[in-house]
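Look at the two complexes coming up: chain A is in both, with chain B in one and chain C in the other.
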Partner chain A sequence: MTIVLDSLRYLAYILIFPGFLFCFLTGMLLCGIDRKLVARMQKRIGPPVLQPFYDFFKLLGKETIVPAAANRVVFLAAPLVGLAAQVVLQLFIPVFSFSAFRGVADVIVVLYLLLIPALSVILGAASSGSPYAGVGLSREMVTILAVELPLVLVLLAVAKTVGNAMGTGLCFSLSQIAEYQAANGSLITRLSMLPAVAAMLLIIPGETGNHPFDAAEAETEICEGMLAEYSGAPLAVYKLSHAVKLLTMTSLFVALFLGGIGGAVEHLLVGLAPAIAGGLAIVIEIIILFLLCIVLVALCCSLVHAVTARLRIEQLFKYYWTVVAGLALISVVLAWYGL
Partner chain B sequence: MTHYPILAIMAYFLGAFLIVIFGRNRAVRNTLGFLGTAVPLCLLIMLAKPILANGEIIAYWMGNRVPAGGYAIGIALEVDAFGLFFGLLIATAVFVAMIYSFSYMSHDDNEPQYYTLFLMLCGGVMGLVLSGDLFNMFIMVEILTFAAVALTAFRNTVFGALEAAFKYLVVGCIGSTCILAGTIMLYAQAHTLNFAQLAAFLPGNLNIATIIAYALLFIGFCTKAFLVPFHPLAADAHGAAPAPVSVLISGVLTKSGLYGIIRLTYILFRTMNLGTVQFWLVFLGSVSMFLCVTMALAQHDFKRLLAFHSISQIGYVLTAAGLATALGVSSGLYHAMNHTLFKGLLFLCAGAVLHETGTTDLDRLGGLSKKMPVTTVLFLVGAFSISGIPPFNGFASKWLIYQATYQKAVESGNIGFMLVTVCCLVTSTLTLASFVKVTQSVFFGQLPKEYEHVKEVPFGMRLGMGILAALCILTGIFPGFVQNWLTGPAARAVFQANGYIDAMMGAGYADKFGLADTLPVSFTSVGVWSPISWLCLLAIMLLAVAIVAITSKYDAVSKAAKQTDPLTLEALESATAAYLPTAPANPAPRYATGHAASGKYELFFGGEESVFSQVGGDDLFWGFKHNWRHYFKFMHELHSGIVNDYSLWAVVALALAMLYAMIIL
Partner chain C sequence: MFKNLITESMSKSPWLFHINAGSCNGCDIELVAVLTPRYDAERLGFKLTGTPRHADVVVVTGPVTKQVLPRVLRAISQVPEPRVIVTMGSCPQSGNVFRGSYSVAGPLSKYVDVDVDIAGCAPKPEAIIDGLALAMKILSEKRAAMNGKVEAKAAPAEEPKEVQAEPAAEAVEEAAPADPPVEEVAAAQEGGEQ
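Right after this comes the complex of A and B.
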């Protein structure tokens, strides 16, 4: 009986929250809000906030064309694998004190899982045989290389800070990082973490391929690069993946640096009966998470998008490996000496 | 059971000699070759239970000349878990390469000679890892070096084959000479060549002579593992050698070098507790890892690219082994095993491409996935494994290596080890980048007209690749099994030198020298990774997504796509030309990579190159390379391909190693 209940519970995690349905709704909303904000900042009216939903369902009804030069199986399977991996990744990122699958993955695993969606886009693009996609995928790969180094450094800095405090020397578990912050306040309040926070804020638009780090898509230049040959349902799946990636990166930021809010919420509900408090806490935390994600998207994606022009790929690479990696490195060194 | 090790070695050599005599007939030859590699594999698998699971050590004295009066006179074989681990790896890789060879080499002349040399090489490596005697080890090194040189030049009509073999011969001989010189110096000091006796004698007698011998032996084994600065030899050799030979050189021969280094440092000299030795190994490993992966990014030949990656992965192993922690050694051995599997697979895929198209030039290939679907899938398994994509095996071992380096940084309080972690992670991403390049250039993209007749490779070759691919996935999904039953016992054996000595020389022998065993630190893994639950999640998720996708007409209306106007390269070229009237007609690449200027990536970047590219837009990752252009230019000039330079590097490396060894003292 417990097995059945457990599996039902996990199925609910996977399909509803924090899995597929949650990712779909919030990711798309974030995407819509981003588009609306950019438009308002540029003094345009912009699309309705629900426009990504309309686009998604309209694309599902459109014809799917597989190019003659493409490898059919890879071309069609790549978007699905990418989306699935993206949602699985979201399952591993704790929502404050709530984590659906604890003890399954840690920071390094998350770092690698971030590669799979990008890799599936790259493989799909490669299999399409289009030269535009070829240009796009090479730029995407360089973008991944560029972002990887600062991201590694940020994660090491966090792991070291939490590990120092817990006396284990290092802590790679995301759920432990969340618990530590719930008990001891958010990491963003640490002076040594501030450079890492700045670096992570700059990593978010790079990972999600937003302006000015969107050399890989560059719709005005190489026709959206890797998506050039996609149409219909696979394109819809890609758009959805991209939207979920917004959610993943912003909620990863929240999990790494703003985990203290979870503790505050629990503190607030301390008088209530445990069963009600637990349920209520999760609801409040989800709402807070979503609001924080909106703030982060507005800050890192919309604002930056509205005021900058696209970087060339080699400028992008240099920027990440010097400025952003430098910021993250300062944090690592500070964390190492226990500041 | 005690006879199994010698029978395993003999089976290879016997197979080699019988093929010389009876190898004219194809059926006889193939049967002998199959038996010659299958029998040792079976024998070693039968040894797995007593040695790996129960921790026994087999000591075998040839002609039953057991040691008398505390002196080992006879020639000995000694098989502990560490040796058997490498033996199993080698036997597996060799077996698969043999199966693959039956189809792959069937169009070559001189097949009997090929199989003879092949089995001689296998026998040499097997003898090396099972030997309990330093001089025997040297003899095996000589056998395997010359067999490898001859096999490198086996297709001597291939451009560069003889040159590669010559370079290998020269530098390989420098290495063998170092090993011989080191052996002589140790014999002069200890009056014995037996490992166990040396292991008892040396730790208490580290003087100038023995430490110089250590440096000599170390450099000798470095040439066998092709570590920096011996890496250009591997690139040349792999470029010319037939694919199964590449499997032997990369999967088997380099392992013998690694085996030598670890055996030497951990058991013979027991110098692993010295910070200077750890630094030396970790530094050499990290340099090999990073330098070779960047060299690989600059390659335009499939097999040369794989060759550089091979050394990069060996660098991982050496780095992990140099940490001198139980987790470090175990993760290093895990990666060594994975390297044999996935690199073997990748070389066989390169061989399959060469077999069908006649070239491994990345600039000329393209779009083979439609013609060779099975090879493509198997290649992707190998590429994902080497890039460390979960849940393939490369991920499991690299993940353990990161943890080991980070743990070491925390334990020793040395921030330098954390830089090693970062170096490992970045190298891994660079590896992924270069395999994206291979995937895009060979298997996807546009199919050139000349390869439209290409077919899938024969069953024998697919079988060989399939076995390795299956092993790659299995060892990735069950990391716990591998750690408990393969790498764990092997790593424990590395730390239990006293047990090794006692098994050979009789119980209590080690105590006479007052040697304390460095007991392994317990395996504390600091992270969590359970591939099976992750796979379950991914499977359920994929199912859910697929159901949604299919119900929403994901595939229903897709056309089998006959575009009336397919987007060809020519069409794009004219389109780009229209946008860029100032583009030079044939921009000369300023960063020459030794291939025709009309590579296909030049076309990809036609626009960018003419505007601002400094590196030459002929590469898929010029955005990365542009920022590193000075580095690449330097490396390009450094790897001159002149054997005099490489010999000079070898001598310089030897001199440095000797100088550094005196610091250890």
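Right after this comes the complex of A and C.
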């Protein structure tokens, strides 16, 4: 009996709440809000907030062309693998006190899973046989390399800070990081974490391939780069994958640095019956998470998109390995000295 | 359910691919100007794409020179169905002042089925938006027609290819393609400018 119930619960996790449906709706909404905000910042009216949904369903209705030079299986399977990895990643990121799969995966798994969508785009592009995709994928590889180092340093700084407090040295478990913050307040309030916060804010647009760091998808110079040969449903899946990535990166930021809000919510509901309080807490936390994601997208993606021009690939690499990695490194050193 | 959603979305998210077929750059500038803050075609869902594979609406400017004709036809055939072909400015429609030149192969309607013509040299932004809005409607209708085709399922042959290899025999008079052209706003201006 419990096995049936458990498997039903996990199915609901995968398909509905932190899984596919939630990712689809919130990711697309975040993407639409981003486009609207950029338009307003440029004094335009901008597309409706639901525009990504229209784009998605339109692409589903278009003809899917597989180039003659392409490897058909890889070309069509790559976008699905990328989307699946992206949604699995979302399952492992805790929503404040709630996490769908507790204790199964930690920060290291998140790091690996973050790579898979990018690698799947690279695979799909490489199998399409287009020279534009070739240029795009070489740039994407450099972008991954550039963003990976600062991201690892940021995660290390967080792990060391939480680990110090728990007496375990390094704490890589996301649910333990969430619990620690719920008890002791958000990490963003610590002075030693501020450089890491700044670094993470700069990593978000790079990881999602947003404007100043979108050399890999430069539509004006290399015809959308890696997506040059995609059309119809596979392209729709890539667009969805990109939208979910916005959600994943922003909620990872919230999980790493703003976890204290979960403790505050539970504090508010302390008088209620535990069953009601539990349900209510999750609903409130989801709403708060979504609002925070919107704020982060507005800050890291829309604002940066509206005021900057695209960087060349070597500028991007240099920027991440000096400025952003430097910021993260300051936090790591401070955390190591127990500040 | 999804079919209705798809058909409706077709008319709300047209992505443009712009082909310059020997244009003087006037129309090209005007097309980009339509996407700027003053007219903001993006509020209707328009987006310029970098590759024909992503496009729904192909906008052709310029009188279609002999050099560029094979490339134009190739690029158009790379656009996935359903697609709408729009000629912008008087050049691809009639040849304009380049009509009769040894190097001009146009008008475009000799080679492909043009869905919308936006007249003018260069067309007014209002005319361009009007023409593109009509293109959105035609796109949605084409998708609805495809739905019918898919349901019937019996027909092995797809719809007639839009790109015809050989030019139509009869000489095309001043811009009279099969589909209804948009000229309400633009006609007056075209007359004034030429």
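Quick note on the criterion: the second predicted complex is superposed on the first by the 339 of 339 C-alpha atoms of A that agree within 3 Å, B and C clash if a C-alpha of one lies under 4 Å from a C-alpha of the other, contacts with A are read in each partner's own complex, and residues count from 1 in each chain.
Here is the rule we use: a residue touches a chain if its C-beta (ideal position, glycine included) is under 8 Å from a C-beta of that chain, and two chains touch if they have at least 3 such contacts.
Please read these numbers as outputs of a predicted model, since none were measured by experiment.
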Combined model on chain A: chain C and chain B, fit or clash: fit
Chain B versus chain C as contact partner of A:141, first or second or both or neither: first
Per-residue contact with chain A, leading partner among chain C and chain B: B
Contacts of A:44 with chain B and chain C, given as first, second, both or neither: second
Which of chain B and chain C A:232 touches, first, second, both or neither: both
First (chain B), second (chain C), both or neither touched by A:305: neither
Chain B versus chain C as contact partner of A:65, first or second or both or neither: both
Which superposed partner A:245 touches (first chain B, second chain C, both, neither): neither
Vertex chain A; arms to chain B and chain C (CA centroids, nearest 10 degrees): 110
Touched partner set for A:80, first chain B, second chain C, both or neither: first
Which superposed partner A:190 touches (first chain B, second chain C, both, neither): neither
Smallest separation in angstrom, by C-alpha atoms, between chain B and chain C in the superposition: 6
Common interface residues of chain A - those touching chain B in one complex and chain C in the other: 60-61, 63-65, 132, 232
Chain A - residues contacting chain B, complex: 11, 14-15, 19-20, 60-61, 63-71, 73-74, 76, 80-81, 83-85, 87-88, 91, 101, 103-109, 111-113, 115-116, 119, 122-123, 126-132, 134-135, 137-139, 141-142, 144-146, 148-149, 152-153, 156, 159, 163, 168-170, 172-173, 215, 232-234, 237, 312-314, 316-318, 321, 332-333, 336
Chain C residues within the chain A interface of the complex: 2, 5-10, 12-13, 36-37, 40, 42-45, 48-51, 53-54, 56, 78, 80-82, 143, 146
Partner chain C, residues of chain A touching it in the complex: 35, 39, 42-48, 51, 53-58, 60-65, 132, 218-220, 222-224, 227-232, 235
Complex contact set, residues of chain B against chain A: 367, 369-370, 373, 376, 380, 388-390, 395, 399, 402-403, 406-407, 410-411, 415, 418, 421-422, 425-426, 429-430, 432-433, 436-437, 439-440, 443-447, 526-530, 533-534, 537-538, 540-542, 544-546, 549, 552-555, 557-563, 566-567, 569, 572, 601, 603-605, 608, 612, 620-624, 626-627
